[in-house]
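The first chain written gets the first letter, and so on, giving A, B, C and D; residue counts start at 1 in each chain.
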Amino acid sequence: MPAIRVALIGTQFMGRVHSHAFHTVASFFPLDAPPDMTVICGRNPERTHAMAERFGWRESSLDWRKVIARKDIDLVDVATPGDTHAEIAIAALKAGKHVICEKPLANTAAEARAMAAAAKKAGTVNLCAFNYRRVPAIAHAQQMIARGDLGKIYHFRARYLQDWIMDPEFPLVWRLQKDRAGSGPHGDLNAHIVDLARFLVGDFFEVCGMMETFIKQRPVVAGDGELGRARGGKAKKMGAVTVEDAALFLARFKNCALGSFEATRFAAGRKNHNTFEVNGSKGSLVFDLEELNVLKYYNCADAATERGFRTILCTDAGHPYAGRWWPAGHIIGYEHTFTHEVWEVLRAIEGKTTVKPDFEDGSRCQDVLNAVERSVVKRCWVKV
Amino acid sequence: MPAIRVALIGTQFMGRVHSHAFHTVASFFPLDAPPDMTVICGRNPERTHAMAERFGWRESSLDWRKVIARKDIDLVDVATPGDTHAEIAIAALKAGKHVICEKPLANTAAEARAMAAAAKKAGTVNLCAFNYRRVPAIAHAQQMIARGDLGKIYHFRARYLQDWIMDPEFPLVWRLQKDRAGSGPHGDLNAHIVDLARFLVGDFFEVCGMMETFIKQRPVVAGDGELGRARGGKAKKMGAVTVEDAALFLARFKNCALGSFEATRFAAGRKNHNTFEVNGSKGSLVFDLEELNVLKYYNCADAATERGFRTILCTDAGHPYAGRWWPAGHIIGYEHTFTHEVWEVLRAIEGKTTVKPDFEDGSRCQDVLNAVERSVVKRCWVKV
Amino acid sequence: MPAIRVALIGTQFMGRVHSHAFHTVASFFPLDAPPDMTVICGRNPERTHAMAERFGWRESSLDWRKVIARKDIDLVDVATPGDTHAEIAIAALKAGKHVICEKPLANTAAEARAMAAAAKKAGTVNLCAFNYRRVPAIAHAQQMIARGDLGKIYHFRARYLQDWIMDPEFPLVWRLQKDRAGSGPHGDLNAHIVDLARFLVGDFFEVCGMMETFIKQRPVVAGDGELGRARGGKAKKMGAVTVEDAALFLARFKNCALGSFEATRFAAGRKNHNTFEVNGSKGSLVFDLEELNVLKYYNCADAATERGFRTILCTDAGHPYAGRWWPAGHIIGYEHTFTHEVWEVLRAIEGKTTVKPDFEDGSRCQDVLNAVERSVVKRCWVKV
Amino acid sequence: MPAIRVALIGTQFMGRVHSHAFHTVASFFPLDAPPDMTVICGRNPERTHAMAERFGWRESSLDWRKVIARKDIDLVDVATPGDTHAEIAIAALKAGKHVICEKPLANTAAEARAMAAAAKKAGTVNLCAFNYRRVPAIAHAQQMIARGDLGKIYHFRARYLQDWIMDPEFPLVWRLQKDRAGSGPHGDLNAHIVDLARFLVGDFFEVCGMMETFIKQRPVVAGDGELGRARGGKAKKMGAVTVEDAALFLARFKNCALGSFEATRFAAGRKNHNTFEVNGSKGSLVFDLEELNVLKYYNCADAATERGFRTILCTDAGHPYAGRWWPAGHIIGYEHTFTHEVWEVLRAIEGKTTVKPDFEDGSRCQDVLNAVERSVVKRCWVKV
């Protein structure tokens, strides 16, 4: 089978991670052929060119429409801000491409539904890039739950806590503007834990939430570049923060489990604290992204006096993905989840498997987020 | 000053803990005189007599009304199930006694308000026994927040998770019957974390919650004794569980902080997991009752590369209560919180201090719980 | 059976803990009769009298010889500094008393042997008060090892780290003077972990160690009272520290397991870090006194992908001692180990059990410590 | 500056890690030019060719002598078993190449000294690949100690515990044969922690150790390939294990700090537990490779009641290497340390810095290991 030819749209944080994944996947995971890193596409010529050099893209481009129109592209990877996902991804699907799209699938449920419909019509491989499903510990948790190790699920509680905009002098970057970002931590962080909930527990039935913007005005900066550069900017004037700083909600799943969710950028000391706990009739699981190689497991069937949460280091040959890397005890990091993700997509294109979460999953996640938003407005419970 | 003469009503779990506290307080804490353990009162003659012997009560009694009527009693400690609190405590207050009452103050907000009114009228020392305010780590957390170490509070999230009734064969004890217990983990566990929230963050503004009973029928047992005995009983027939198994809610505080609360008896592996996290503009605090000597603290003012949650072992001479016990590093346990509590009450009776949480606090806590219950029925947000 | 009549010699830290144990043991542990707290004996009249009041001793005395000579004493508890143990304990044994003696049994191996011989001759109940054998987690560890859960033992590594004399201004208290204390952390802390090693692994075969005194001169204080008071003293002149600040050694056990031991008072941040790890052919155990309710356990027989150290909260009804206190999840503290210890001694006197570690164990522990001291001088391995 | 042309000798575990490092370094770290991955060299043609394909080596070779003789090679990376290091590395140095050599530098102190001499004579860039110096947390620890944050160092205690050969059926692979491997965990694991001790604390003064082989006979397998394959082999007969299974030693540093070291492959549950603790007069540091993004730090200067070990997640922009990867809170894994290492070597070749640990360091590490071996034989302390 010939190499799969890839075009990546996006050169920022996600552009970097996806580039690295394509650059390294074949070193560790079996593929008929390594992916062909055909072209990377961005708006800033200098940056796009530099990214191509750093990660080994053969070409760079400034026009995503032209890229999509190319015949020599099999897979389009959309790693741009959320307000552009629908347009690019739908165009790529219409052009018959396989498509990876960064999460959240879209800024609105309507866009997400259109994308899922386009994906269904296209019939190509499509993935909404909720990379945390590819953390070995989480993939293993899913397998344990699926095979019944936890019994009936009673509770799922998840939080995704960060603290990077606590400083009131932190500027009004695009992520704090509703028209660009769609929302704040709700779409950025809750999207992740809602997807994990769907992965681990199942579909949502109803939700009820609350949101708050703690710091309502921030310094405006010229440009809307990456955070690093934005921070350095001299603030001339103040502008309104139009997204929430925190979003919490309660949920009931279709299988009657109870859920509790929280996303915030105002939890001092929590850098990337994506954590969940699942309680079932036979045991419990606990995860924290800041220790992503670890899964904690309580097994009710252990002897009463030897029972306790086990700290499982998910680096064994038998753990999902882990055996492809290093011997037991040698931990992996954040970006490996993207390598796993890209591998799954490439294998699906090779026809060896199907891949999830697809655009339909991305759209259903968006439906949950959307229901939460409506519940916030209505101040009551809302069916998903 | 003469010894303070104490009558304890109740001989079960709380009866044991309070007895131990009165028996040991003067060994470690300065008092004008040790308390006089005058009389313990219960319904079961054998048990009550045995308790008197074990803990050094001078007399035992089977009639709380007679006990309260005695002239030689200064302090009445009510450690009975919640449905009897109002009657006993109000009678004691009317008799001019100082009163300790176990939490929750009452099974209903109306009863609680009547008790607070009676306490106000009596003008004697009164305490609602939320003992966790007397954990050194929590008392220290309160001092840190009060002096501004955390800055403006953004988030308070608390959960109180247990797993002791997960077995469907666990019998229908009084704690699972609404007429006796008032509620399930809501009054039993959420009461504690609501009180801690009021202690640490301040008054509630509005709440929105959900509840669920996972196991709706359980074996009926004769008698309604302690759990240990109940477990052994041969179940003849099934009866309806009339309290919830889990209760979650979101909250907004008057100072605009956001709150998230959860109590359940269905979290496998969590034995007494009363945990909270407070995030403020200057730092964060984390606590877990299963490691009750530890307070975790993140200080935003630490150097960027040396910043991290500190694991503070609250056994230093400078920590609240701790210096009265052992040298640094020698941990204390659950029951010490009651010793601290009893000491505070005795000092207040000696006139050296006032004591909180009083019946007014207990009543306000009940108002929050009550608002949650209404929100569950109305399926929307409710003002406290 | 009539009450066992107790005399306690010693009014400092250990005097306090032992007093509390006698004062509370009958509230929680079954005995034919509560102990009769007949007399406490110290050198400082005021302090001794106050201790009697605080803990309920019926009399106080300033002359241990007179106390031992009394007919109405069954049990003598020696809680004085190590240089006085042999004289008092041997006298008590000769008087036909049951004897508890604080650890280390003596300051020298010769004294310890004399004490063991006297105990053997007396035939009364005798205990060397290594209280950590009575931590539920450690007692449980011993049971697990004894029943073969760990298989063949390969490694035992233990450290007992503290930091309370790191300040060079900390004064030259009696614990830093060889003639009074016998040694520094070697006899104070290594004694504990050597006893635990004997309890958990078995007898020592050979050892090789090193010692160091980091701060060789310290301010002299008047009196040699408790640390608290000493700290406040105005230092007039400097004196030589005549004990070590740290003592490390390697060991080989008779069963071929390898051991590693360390005691220091110069480990910044370690308050009472008495920790060990046992590795056997079937699993491992880890303990840390600063979390004394927890035992960590790795079971090689768990499924490969669900294997990890379990954090066992040793508060279950099935754990040693724990069921006598509170429900699962309600932790106990440092002093409870003494309550357990006193209970074991009283039961042994009641004739219901025998009790260990006895004076023979105390003497053998001293032999190990002594062999380490000789190895330090000879700079090579020494047989125990 | 033209690209640096690299030849890698070795295709097993270390071959994979080094290949990945060269393949990815330029994506994240600034270099004048990405390294040119010229040739990989191994003994097995199939495997060597496959490695070239997987990681992007332009050629593969079966003859390291020919490779070293090539003019178009600037840097030779020796990632073979220890018994071949001296011959290959010295040849490469004589050919004027820059050389990376895996640790331990050699199987004997004599070989190591010859290599250090050859490196000195060659004057090219040389590195002994103790990759753990490039863990951000450890590099940061070194900076903290160097700038005096810990004050005078009193204690360094390190252990490197694994459990991968505990099964008596595990076969007699080359790592268990003295003529190939030189030693067991002493050279494999103690080498690492000795190097870290030299990095963090300084030079050793004297040592005293012990060793043990727990399982003395193991099944012989045909071939001596990688463990994975060896495990599958059908054992025909038994052969003698000629290396130790565990090696422990005590040490005194030239600056008077005390050290304690242990390496074993028989610590059930410890997969890659490379852990150390440093205690100084101003604070302490703790590290564990199984959580390699974390450094624990106790600062004596913190307020007495807010003092505790800080859990520092070393993913901040200010931490060594970390800022080149992802935003704070996004952890890295094991192999990143090799990327950092390769970057340092390439920069040194570019003339921008010098690099340590060099062959001289590797030789001094070997001297320490050698002194321990002598102390084991002599059963007493030995000067390094």
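The definition used in the following text is that a contact is a pair of C-beta atoms (placed from the backbone, for glycine too) under 8 Å apart; a residue touches a chain by one contact, two chains touch by 3 or more.
Note that the coordinates shown come from a computational prediction; the quantities given were computed from them, not determined experimentally.
Visitor: Looking at CA centres, what chain is most distant from subunit A?
Guide: Of all chains, C has its centre farthest from that of subunit A.
Visitor: In terms of C-beta pairs in contact, which of A-B and B-C ranks higher?
Guide: A-B
Visitor: How many Å are there between the centre of subunit B and the centre of subunit D, using C-alpha atoms for each centre?
Guide: Whole-Å distance between the two chain centres: 54.
Visitor: Once you find the CA centre of subunit B and the CA centre of subunit C, what distance in Å lies between them?
Guide: So the centroids are 35 Å from each other.
Visitor: On a C-alpha centroid basis, what's the spacing between subunit A and subunit B, in Å?
Guide: 41
Visitor: Multi-chain contacts only, two chains or more: what residues does subunit A have there?
Guide: Where subunit A meets two or more other chains at a single residue, that happens at 270, 307-309, 313.
Visitor: Can you tell me which positions in subunit B touch subunit D when the two form their complex?
Guide: Residues 140, 144, 296-297, 299, 302, 304-314, 316-319 of subunit B touch subunit D in their complex.
Visitor: Going by the contact rule set out above, which residues of subunit D touch subunit A in the complex?
Guide: Residues 13, 17, 19-20, 23-24, 26-28, 54-56, 162, 164, 227, 270-273, 289-293, 313, 315, 325-336.
Visitor: Which bits of subunit A are touching subunit B when the two form their complex?
Guide: 154-155, 157, 159, 161, 163, 166, 208-210, 212, 214, 246, 248-250, 252, 256, 258, 260, 262, 264, 266-270, 277, 279-284, 298, 300, 307-309, 378-381
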